[in-house]
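Sharing a structure here in structure tokens format.
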Amino acid sequence: HAEAKKDFKVGWSIYVGWMPWGYAMDHGIVKKWADKYDINIELVQFNDYIEGINQFTAGAYDGVMATNMDALAIPSAGGVDSTILVIGDYSDGNDAIILKGKDKLEDIKGQKVNLVELSVSHYVLARALENIGMSEKDVTVVNTSDADMIAAYATPDVTAMVTWNPMVAEILKEKDAYNVYDSKKLPGEIQDSLVVNTQTMKDNPAFAKAMTGIWYETMALMSGGDAAAEAAKAAMGEASGTDLAGYEEQLAATKMFYTPEGYIGFTEGNLAELTQFVSKFLFDHGLLGQDATSPDYIGIELADGTVVGNADNVLLRYTTEYAKMAAEGKL
Amino acid sequence: MRRLINRQPDVVVRFGLMLIPFIAVVIAYMIASEARLSANPNDKLLPGWSTIAAAIERMAFLPDQRTGSYLLLQDTISSLTRLGIGVAVATLIGGIFGVLQGLIPYFRATFSAFTGVLSMIPPLAVLPILFIVFGLGELAKVVLVAVGIAPFIIRDLALRTEEIPHEEIIKAQTLGASTWQIILRIVVPQMLPRLIDGVRLSLGAAWLFLIAAEAIASDSGLGYRIFLMRRYLAMDVILPYVAWITLLAFTLDFALRLFQRIAFRWMYRGN
Amino acid sequence: MRRLINRQPDVVVRFGLMLIPFIAVVIAYMIASEARLSANPNDKLLPGWSTIAAAIERMAFLPDQRTGSYLLLQDTISSLTRLGIGVAVATLIGGIFGVLQGLIPYFRATFSAFTGVLSMIPPLAVLPILFIVFGLGELAKVVLVAVGIAPFIIRDLALRTEEIPHEEIIKAQTLGASTWQIILRIVVPQMLPRLIDGVRLSLGAAWLFLIAAEAIASDSGLGYRIFLMRRYLAMDVILPYVAWITLLAFTLDFALRLFQRIAFRWMYRGN
Amino acid sequence: MTRVTVENVWKVYGDQTVLESVHLEIEPGSFIALVGPSGCGKSTFLRMMLGDEAPSRGRILLDGVELDAEPSPDRGVVFQKYSVFPHLTALQNVMLGLEFAASPVMARLFGKAKRKAKTEALDMLNCVGLGHAVRKYPSELSGGMQQRLAIAQALIKKPKILLLDEPFGALDPGIRAEVHEILLRLWREEGMTVFMVTHDLSEAFKLGTRVIAFDRVRTRPEEMKAYGATVTFDLKVDGKSVPPRPELREQLAAAAQ
Amino acid sequence: MTRVTVENVWKVYGDQTVLESVHLEIEPGSFIALVGPSGCGKSTFLRMMLGDEAPSRGRILLDGVELDAEPSPDRGVVFQKYSVFPHLTALQNVMLGLEFAASPVMARLFGKAKRKAKTEALDMLNCVGLGHAVRKYPSELSGGMQQRLAIAQALIKKPKILLLDEPFGALDPGIRAEVHEILLRLWREEGMTVFMVTHDLSEAFKLGTRVIAFDRVRTRPEEMKAYGATVTFDLKVDGKSVPPRPELREQLAAAAQ
């Protein structure tokens, strides 16, 4: 059932790769593109990342900024057919395992590890342990709110933690903090994306076009290397509670796709393999739903139309259709 | 030697004694802060006075570079608006349901068990549900505050209403009053000051819910700022904000008490 | 036609009326759930009864695959332990400070303004400080609960202590009692049941602080589970957990009331 | 002028019989003083007269008609406490009865109607000697003034019957005497029937035209629950001229303990 | 046997003078009945006797020695309400005074000492006719029983002076008479000096060996604050044999209003 509508709500939260959205909202870029397609787009900031995804899953929002893993685990596993419209970046060091006073990953054995359970941090930990032949059984995971990571690190009984930027940067300033493993070693596995409701997208191509347009215009501005780019990045840094230098530091740990071509190229790589790591982690932690019998329970449709996993239950899709339009200047 | 219970400090001594714990806290803070700062001059946990003063100036007296607004002012307005609307809604609901539940046996039979159970549900636990049902806008925050305190206000007011001497209700009936007239002229006027008591008692919880709601979804507000700053452990901002919230809470409580005294003179006249 | 206030439902009607709001909620849930599930059979927001039943079975009656323990049991034990210790500590502090503050003028002059201010500070806002000072372990959670409710208990008990008729204190003195003896034999025994009232009143807040603390850093507990499950919107687990917490809160309240009745018969004898 | 008939009235709470087989025939315009030991059911009897409680058996008739099963303006009442509304001034307390009758929805009068009600209420307040305190709240009035206010408030509805439950129990003897005078005057002027419960025998004989004592006949502990109190003495007196015979007084005093 | 001397005692609260120039010389073993209108300062006087309040001017001497500035066991007291401890049984209430004296830290007795105290307390309870109710809590006792308990509790300390503030004000007349007898008997046996405030003149004359009335001499409203009450009547009577002259009684009645 086609349902064309005019008002769209998209949630975003503070994270290095998503700050451009806030900037676009504050500086009229969102309005410009919305006007162009004669729709209204409201970008709403969530203090709590997960709440935004929940809202999206419950149907209150048309799109949300999320990682591929959370998109699969929450809306898709919740039966909401979701599409990754744009991958803005992948984490290239933003997520890190930090040990206090120890500098080797192996030293984590037997420790209590503070992290946001079932989040990307958890995934990083699982992948890291897997790489050195350990498993989660070798550590004790303590669920800790992301807002309190820095405070938590300051307490004596916290000796190991997994978290993301800007907390990582802040914590690594401590003398005894060692980054023993980070997402540089998992290139492309943690994708920060704009996820939209597939049905909404199909019914409202204008929405998809406008969002894509907003993103790449902001990206162009940001990567310009001129004074305007500096000013934009400074504003983004400010909004995330740090300054230009701090923001640049975070960007350095982020592989941004400043151009549509970058994103298209990424999807043509080993995306199928990457998604399987994520599916496996989610399955192992029961996050694909109680009915899931294997990591392949939910099918993922790649940009070229091939399906990874169960073709009868495709609930997460990658699309480059609109990025291609942007690349061709057809938006 | 008189017994300790019979010894009354005079005004001057009383004032001095009152200051002691406050001064003790300040001194303890200074010592701890000094110690930490001498170990690590960049320590953020217990910032020195000058750092705090700078933060206060930045938040309260200088316009924000990004938005040009005064952050403390803007946060305060946001939070107080939400709190005000939430508390007002809860007061209205609490007033109506409380009076009816306390006065009318059929109403009480229908709702008292239900509000009893409602008031036992910890609102923080249903926070996720509330957000999902009411969205993440201003509405959800207001609803959380209202939902959080309304059951308490209802139950408190229903109890107070039941405490109205049965004699008064009988007397009103012998004067020919209908149920509606009793509510309007006898019960509601006597319950308004009690309602204020109930609201005062639940203000603490209201602040709590507001802060919790702002922590999850917001782009301004005192709770939002504290949780945002928590990510960076910017205690130089958090501490003044906590002090400010405390002051606001105190002022609100005082204002309600004052209003009660002025608006309901009959309670305070005579003895 | 008798006035509405004079009409009393009989026992059967009363029971029926009592059920109405509960049944209404259940029906409303069923309709909404049905509607959502027919649109999306995997919908997690309002799961059907069978899904909820399965979740209950999984959490309560089947050992967890990873750890082999019964999650609901383990969460309940963790939470109740923390709550119990926190409340016990607050009760002890509240009892001692409350009685002294209510009875001894010098003590009151020193501490009443301070506890007044303390009780206005929203504990959620100072969480980071508590964590740093008390660590992230069990201690911090217990302390948060204790710190959260102790000021209220102190103030409540101090008020109750002040309400002891002056005549009783005079009488005790004419019987030769010292301050200490008055505390021991007159004030404390009469304040114990009041203290229980104070604890009952603050149990709601205690649950709140416990859940908040567990949401921030924990590896078990009812609040932990709810906030963890929130990460993937597992309402089939969250809803039974909320119901369970409500039941626990209700039971605790009931147990305290029962204890009060049994232990302090003098309050309930006679009229 | 109203005739009250009490026909074989019983009152049972659960398994406790409070009153049993009370029969009374009250002449119009009587001033009935009810005495009896504490807990014998005097207040219960008054509550049944009010309609606040229903008799378990038997019935009460006003001029031959069974009385309303709930309080109504034909039966005014003054209790020992809580008879006036603390949130209203003396004047507002007295006007209330007029406002209820004239304004069903707002329960308030405005303009001319209000002025008229006010005049009437002021007259009533002057009658009970509260003309100087019309703007005061009850908490600013002494106990005696409060009870006078309660009487004024009840009388503005011109009730056929006035019920008083130990109305002066909490007053000083001197103040009591003063209120007695006012009450007697108003009773004579209004011609209503008065029922007054009192613990004070001299008050009963001073004011009443008829003194009725309730008491239990069976007082063995094991009988206490099953048997209630009933009328044990019923004396027509003229308290102002004929003091009761001393032996009788003693008997009554014993009954009242 | 204690002689009480009240020397020019004044009591001023803020700018309100409550009592002024009270002079009294009380013979050992007197039974003083204090009467006077409400608010004239009777309770205030009693509180000064207790040591709960200090006189603003003047002093009170017991056998020539200024009295303790706080309540002490040589002056027992019974108030109208709250004189007994609700959380203790009748027996515990009476034993309390003995336990305070013998056990400074625990305020409890054990073993033999406890048994001895218990015997003494039981005797006292029998004296006031509460031998059958020793295990009951005050809330289970009637008003009259509670006041008898309060008296027993006070007397176990063998006070030189017993202060009573309207002790029987809330009791039924019959019960009152019963407690009067007990009080008179104990007063005679113990030989203590009794001060009793009462509103009931016949009670004052029935019990007192001396009736003292407090009243204000200046009653013009503008003078009310600046001038306090003082002793206006002081009659040595023997209530048991010589009733006071009727005119005097009337005067007193007027003063008491």
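Labels A, B, C, D and E are assigned to the chains in the order they are written; within every chain, residues are numbered from 1.
Note that contacts are C-beta pairs under 8 Å (C-beta built on N, C-alpha and C of every residue); 3 or more make two chains touch, one makes a residue touch a chain.
The structure displayed is predicted, hence computed values, not measured ones.
Participant: Quick check: which two chains are joined by the most contacting C-beta pairs?
Facilitator: Result of the pairwise contact count: B-C comes out on top.
Participant: In angstrom, rounded to a whole number, how far apart do the mean CA points of chain A and chain C lie?
Facilitator: 38
Participant: With chain centres taken as the means of their Cα atoms, state the distance from chain A to chain B in Å.
Facilitator: That gives a centre separation of 38 Å.
Participant: Per the centroid of Cα atoms for each chain, what is the distance between chain C and chain D, given in Å?
Facilitator: 48
Participant: Using mean C-alpha positions as chain centres, tell me how far chain A is from chain E in Å, no decimals.
Facilitator: Chain centroid spacing, chain A to chain E, equals 83 Å.
Participant: Got the chain E residues that touch at least 2 other chains?
Facilitator: Each of 70 in chain E touches at least two other chains.
Participant: Can you list the residues of chain C that touch 2 or more other chains?
Facilitator: Each of 3, 6, 45, 127-128, 132, 173, 178, 215, 227, 230, 233 in chain C touches at least two other chains.
Participant: Note the residues in chain A that touch 2 or more other chains, in rising order.
Facilitator: Those would be 54, 58, 147-148, 151, 154.
Participant: What are all the touching pairs of chains?
Facilitator: A-B, A-C, B-C, B-D, B-E, C-D, C-E, D-E
Participant: Can you check the complex and tell me which residues of chain E touch chain B?
Facilitator: 69-70
Participant: Please output the residues of chain B touching chain E within their complex, sorted ascending.
Facilitator: Within the complex, chain B contacts chain E at residues 2-3, 6.
Participant: Can you tell me which positions in chain A touch chain B when the two form their complex?
Facilitator: Residue list for chain A touching chain B: 11, 26, 44-48, 51-52, 54-55, 58, 60, 146-151, 154, 166-167, 170, 173, 235, 238-239, 241-242.
Participant: Where on chain C does chain E make contact in their complex?
Facilitator: Its residues touching chain E are 165, 167-168, 170-178, 180-181, 184-186, 189-190, 264-267, 269-271.
Participant: Quick check: in the complex, which residue numbers of chain B touch chain A?
Facilitator: Against chain A, the touching part of chain B is residues 42, 45, 65-66, 128, 131-132, 135-137, 214-219, 224, 227-233.
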